[in-house]
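The chains carry the letters A, B, C, D and E, assigned in the order they are written, with residues numbered from 1 in each.
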Amino acid sequence: MNGIKKHKKLIALVVVLAIMIYLSFNSYFVFVGINALINAIAVMGIVIISGYAKQLHLGQSAFLGIGAYTSAILMTKCGISFWVTIPVAMVIAGVFGWILSIPTLKLKGGSYLALVTQTFGEIIYVLLLNMEWLTNGPFGITGIKAPSVGPVNFVHLQPYFFLCLAFVCIVYFALKRIVKVKFGRFFISIRESEEAAQSIGINTRKYKMIAFVIATAVAGLAGVLYGPFIGYLSPEQFRWQPSLILVSMAIVGGLGSLEGGIVGAVILTFLPELLRSTDQLRMILYGVIVILTLAFLPDGVISLFGKKPREIKAMLSAQWGILSDKALRRKKKKAKALK
Amino acid sequence: GCGGSDSGTIRIGAVGPLTGDSSNGGTDELEGKQLAVEDFNAAGGIDGKKVELFSEDDASSASQSASAVTKLINQDKVVAIIGAHNSACTLADLEVINKYEIPMITPGSSAETVLTSGCKWISRSFPGDGLQCSALINYITTTGTPKKIGVIYSNDDFGQGGLKSLTAAAEAKGLEVASESFANEDKDMTTQLSKLKSENIDCLFIWCQYTPGALIMKQARALDWDVQFYSGTGTIHEDTFSLSDGSYVGCINSVPFTSTSTDPKVQDFVKRYEEKFGEAPSQNSARAYDATMILLNAIKAAGTTDAAKVQEAIRNTKDYDGMQGNISIDPETGEYIGDVMIVQAVEGNTWEYLDSASTN
Amino acid sequence: MLAVNNVSMHFGGLVALNEVSMTVKDGEIRGLIGPNGSGKTTMINVITGFYSPTKGTVEMDGQVISGKTPNAVAKAGLCRTFQNINLFSEMTALENVVTAASTHQTANLASAVFKTKALKDQEKQCYDRARELLDFVGLAGKEEIKATNLPYGQQRLLEIARALATDPKLLLLDEPVAGMNEQESDEAANLVHKLRENGKTILLIEHHMKFVMSLCDTLTVLNYGKVIAEGTPSEIQNNEDVISIYLGKKRGK
Amino acid sequence: MGLLSLQIVNGITIGMIYGLAALGFTMVYKALGYLNFSHSNTITIGAFVIYTVVFSCNIPFLAAMPIVIVFMLFYGFVLEKLIFKRFRKASALTFMLVSISLSTVVSNICQLIFGPQPRALTNVFPNIKLSIAGVSIPFNNVCIFVIAVLFLVILQLFFSKTKFGLSLRLASEDPATASLMGIKVLNTRAATFAITAALGGIAGMLVSPLYSVTIELGSSLALKTFIAAVVGGLGNFVGAVAGGVLVGVTESLASTYISSAYKDLIVYVAGIVILAFFPYGIFRRVKTKH
Amino acid sequence: MLSIEHLSCHYGVIQALNDVTINIEKKGIYAIIGANGAGKSSLINVLSGLVPASSGKVVFEGKEITDLQPHEIIKTGISVCPEGRKIFKSVSVYENLLAGAYTLKDKGEIQKNVEMVYEFFPRLSERRKQLAGTLSGGEQQMLAIGRALMSNPRLLLLDEPSMGLAPNLIDFVFDTVVKIYEETELPSIIVEQNSEMALSIADYAYVLEVGHLTMEGTGEELLASDEVQKKYLGA
């Protein structure tokens, strides 16, 4: 009961959004909507690893790739059912996540982690590109079909949208439960002080690994959903640029909470599409909007939720004070006046 | 495929990279498409209806390309689409056009797989890798007696597509192949070249876009290596001369179009293109111009915007007289049927005609 | 309970601990004092596994714990506080303690996802225990305050509560009353007394002489990484060496 | 002349370019404690600006260099005053993301201004080749080598010996306390960005005649540069250049003896493995917290 | 010399200082005592420019310094040894001292000051090359005090200089403060938890309670006061 109450807003939001999109019947929006949902799943993984455990992760899309390719290869080459590939892909992505976690355990600075995770993503890319016998190299895998269950054929965008929505909800609630109990607390303790966490008996190595495995397995799931959605996989789709976009989604939405991740994914998936009419200015505007969001909402867009307009205004103007160095300028002015 | 002609115009879509890595190719293509639409409208359009071009950027990303095509079809209600540039993007688009049954014609994706993936709605309006490579290999075996060829290619859809076709053509003639790849981020290919040089090859095929291609030529010459260069459409560009610091001179290319051709039809096109865009058309521009014209002629011939009819008309294109010469489309596969020239880059930033091959 | 056998700790050329041996008996309050830089904190770091000694071993109830990771040492029943306060600063006071209490939980990921009854019970126990401990150290009512926002002295108390939540047999306190005023340090002394009554063994470092002398059963004095004296507070206070290198004339008798 | 030694020399030549680019990268880290992903833009901008100055103003390359350096100093300064300054209290992650987004913005603006076509900047270095161990190296590469080493020494001395260098280090560790010492923290930050932008610009100017001037010139070097700086130990100038050479040689040998398709993979794996054993890079003293 | 008039400061809604007025005319050693959170450090931070005053003004040697920034304040001659030492951990002991002399130009003078600090604290001289972050707590405190002496200050602000020091060192630090005052006539303001020590060396002292100034008097007067005895000396 309490749970439902707490998430009331979010549930309402999702339902409204879903109905809107369904009613609109604009396949293009539904298409972008599916993309947003798939991103949301991957971004929730980033929230776990980077938001809770503060392990920077700039290689998430590689794990999406691992999931997508695993599922696609199993479906197209071995004829295995889509549903069966879900757990397999999650396990394989998780195993790779575990491998990635090993060299990161000793690293202290975020900068070093940034390198290792980003480079790991590139390693996966090179493998996908060159293991032609398995992945068909740069030409990729075509003809990945969504399944149908009874009368519902997920090849159509609308049903697929709801399938993805269902998975977003499952992942959200599962992760929410995980972070509410000791796992979440231990992840945060690693973020706050690794030494202190160890001093009370937390095996920080183990929990960092768990965080990586959860984050990457979730990305694997996102990858499985991505395959039939685009229908075609090529290595370029899983390089570091999309990884950076996923991290941007997490931060713009609010790295501190799963809800923030979802919000960020929705916003930043729709933004470049809404900006399509601006042609050459598109990516410039996109970048500027991300920077402005970071400047005014350091805790992400989610920090606007549940606040009254007056509070929002106060928050923004306080932030403007910091950004424009109001205090500093006032001081300077006064000092000058004195001289 | 519904609508598209309600508002009194015929809507067609264009997709290609306008930002990001291959944006120079994509921008050239878009200009070609724009000029073609302008020419076509000036000539009266279709039954008095004007053609309107809707262009979307795919930033060379497969997923963005699929998204752009979904938008063109659902939002802009286009009748047919010209694109994409990168083979990987076109492959992603195929899934979408297959679902919505919208014809597409690509002026830029040369990989064989684009047509062999089983999608019935795609056609190609320029010579693909297979045609280009067999023409080149034919040329070297008829003009000399090489034993072993070297290939340096970009490790992406374009380069690997070329490598596959080259290897197939070379092995058919009993030639050995030594190959090295480079990543698109690489700027210095001296290492790969040094290795190829040590393998005693008779000629070097450079299969990539012109920016890295020019660097390869320059760096090969810096190794005091006077091997004969061969290349495909990728490196044909006026800028290749300057970018390679002149090392391009002597290189033999397969190509469907050069702006220095003496054909009056081509000269007229070049002149008008230069007036409009301030630079000579690259072969990308010409290919896109032809693709657009073929599509628009097909719509006109079909007499309707019904997708199936338009698609049938595209596939039945016969002897269209374009910038690349006489073009037909294979009704079965959608493959380009026409000429490919073998030219040699010579001093004065121009090319000399050597030979030509044709599937006509 | 705790035995430190011939432990040396070198940092490059610097010898921070030099063949130190000492034992701590069950139930005692042991003080570790010595001039700044004499190796006291290093000693705690070695005992709790943050450093592994260059030479020698540390045993807890007969089992060697040196060379183990800090978390393994903590599992063996030793818990420490830090000289420079080291809390989970963005968590509330309660969460800090709950986190430590939940190190004893057996829950796995699946039981978390499916919210099993066993897990719910364990969670409730942790929260109850944490509240109890906050109350015990005198932080009742501060549960929901973020750790960073607590005053300095209360942060030190919170660190002790957090350590207690792991149910240690031996508690190691590094300068627990630094930065507290007299009144507060008296309260802290009471707390330590109560802990001993609850059966905890305590090893503490402190420069606050009134606190140390009134509280400890035995004192060990380190200087340049060597034990130079061991004895009851009054013995130590009268030890000429200790007076000259550590206590200073005013405090010696 | 064996293939092996030839390829090692080739590797070193490429590696020095990574090293030169890594110097600026590592300097931002040293002075701010953050990674600035938009640093690779400065390489591109340096290349485009010198191209523009040389060709549209008809000024010889060498005379154009100081103009470009001044421009780059200004660019870095403005960027800091306009954007980075406002994020000085943000978390490292946010700062990184800002720099990544900024990089997207700047490179797209560059494309708007200069267009997507590559340009050739030829005949600026004398066409002499130096022969080392039988391998001939273009004069341009020799210049890069010399300048990289020169900068390395200058930066090293600057940071360890000068008062300004010390103040940069202090301000990066603890800005508030540094200001108590009398250090104008905001000015040191602006200076840092200006200097690193100039370093990037110089790298861009030196490599552009060797390669061509393209929009992705900087970003194509970015990952290898990043690896070079990190493997060498962030904040360590000798490490950055040595790391660059290490990356270059590994790449070259892997390409020759294993496979050119997998050469990058080998460099990446080697980088990660090195970090797994030397968490602070090969050339950095391990710092222990007390 | 230093006058603080009706000074207040806020952190958001929390008021840390409330209308504090202190007037110091002649040179000497001044102490400020008070419980945790009384606002002692806040006062030091306002004086050193780290925290802006919300009202009131501070005048040092006839010059108003209320709105100056930290790097300007040190130039006026006020030098701080901040709470929690705040030494620069990643650089050497010697470089920390150089940092303290950042405002000085003359190399010889800087060297002379370094020698002076080494003389006060020979332990630092032994460790001059060591990274400051690896010093023991007490060594760090010595370094922080030493660093504050490097800029030839005319007023020294010490925020809890005895924290974490061995008993004999506490004596030593207080003796040093007295000695510094006697030898160089450098006046200082000491903020302390160790009220007994502080009051015993102070010429004059102030008591802060939740942001208010509640008592003042000479060191002996306050030591003798019942209230101070009860609240701060744990008698």
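One rule holds for everything that comes next: a residue touches a chain if its C-beta (ideal position, glycine included) is under 8 Å from a C-beta of that chain, and two chains touch if they have at least 3 such contacts.
On a predicted model such as this, the values are computed, not experimentally measured, just so you know.
Asks: Using the touch definition from the top, list the chains contacting both chain C and chain D.
Replies: Touching chain C as well as chain D, we find A, E.
Asks: If we look at chain A and chain B, which chains touch each of them?
Replies: A chain counts here if it touches both chain A and chain B, which gives D.
Asks: Looking only at C-beta pair counts, which chain-chain interface has the most contacts?
Replies: A-D
Asks: Tell me which chain's centre, taken as the mean of its C-alpha atoms, is farthest from chain C.
Replies: Taking each chain's C-alpha mean as its centre, the farthest from chain C is B.
Asks: What whole-number Å value describes the gap between the mean CA coordinates of chain B and chain C?
Replies: Each chain's C-alpha centroid was found; their separation is 73 Å.
Asks: When the centre of a chain is set as the mean of its C-alpha atoms, what distance in Å lies between chain B and chain E?
Replies: Distance between chain centres: 75 Å.
Asks: From the mean C-alpha coordinate of chain A to that of chain D, what's the distance rounded to whole Å?
Replies: Those two chain centres are 30 Å apart.
Asks: Centre to centre, by mean C-alpha position, how many angstrom separate chain A and chain C?
Replies: 41
Asks: Which chain B residues reach two or more other chains?
Replies: Residue numbers touching two or more other chains: 19, 155.
Asks: If you look at chain E, which of its residues touch at least two other chains?
Replies: Expected reply: 69, 134-136.
Asks: Using the touch definition from the top, which residues of chain C touch two or more other chains?
Replies: Chain C, residues with two or more chain partners: 11, 41.
Asks: In their complex, what parts of chain C are in touch with chain A?
Replies: By the definition above, chain C touches chain A via 48-50, 69-72, 74-75, 79-80, 82, 86-91, 95, 98-100, 102-103, 105, 107, 109, 112-113, 115, 119, 123, 162-163, 165-166.
Asks: In the complex, go through chain D and note every residue touching chain E.
Replies: Touching chain E: residues 163, 166-167, 169-170, 173-174, 176-185, 287-290 of chain D.
Asks: State the interface residues of chain A toward chain C in the complex, per the touch definition above.
Replies: It comes out as residues 174, 177-178, 180-183, 185-186, 188-189, 191-193, 195-204, 210, 214.
Asks: What residues on chain D touch chain A, complex-wise?
Replies: So the residues of chain D in touch with chain A come to 29, 34-35, 83, 85-87, 89-90, 92-94, 96-98, 100-105, 108-109, 111-112, 223, 226-227, 230, 234, 261-262, 264-265, 268-269, 271-273, 275-276, 279-280, 289.
Asks: Quick one: in the complex, what on chain E touches chain C?
Replies: 35-37, 123, 134-139, 141-142, 160, 163-172, 193, 195, 231-234
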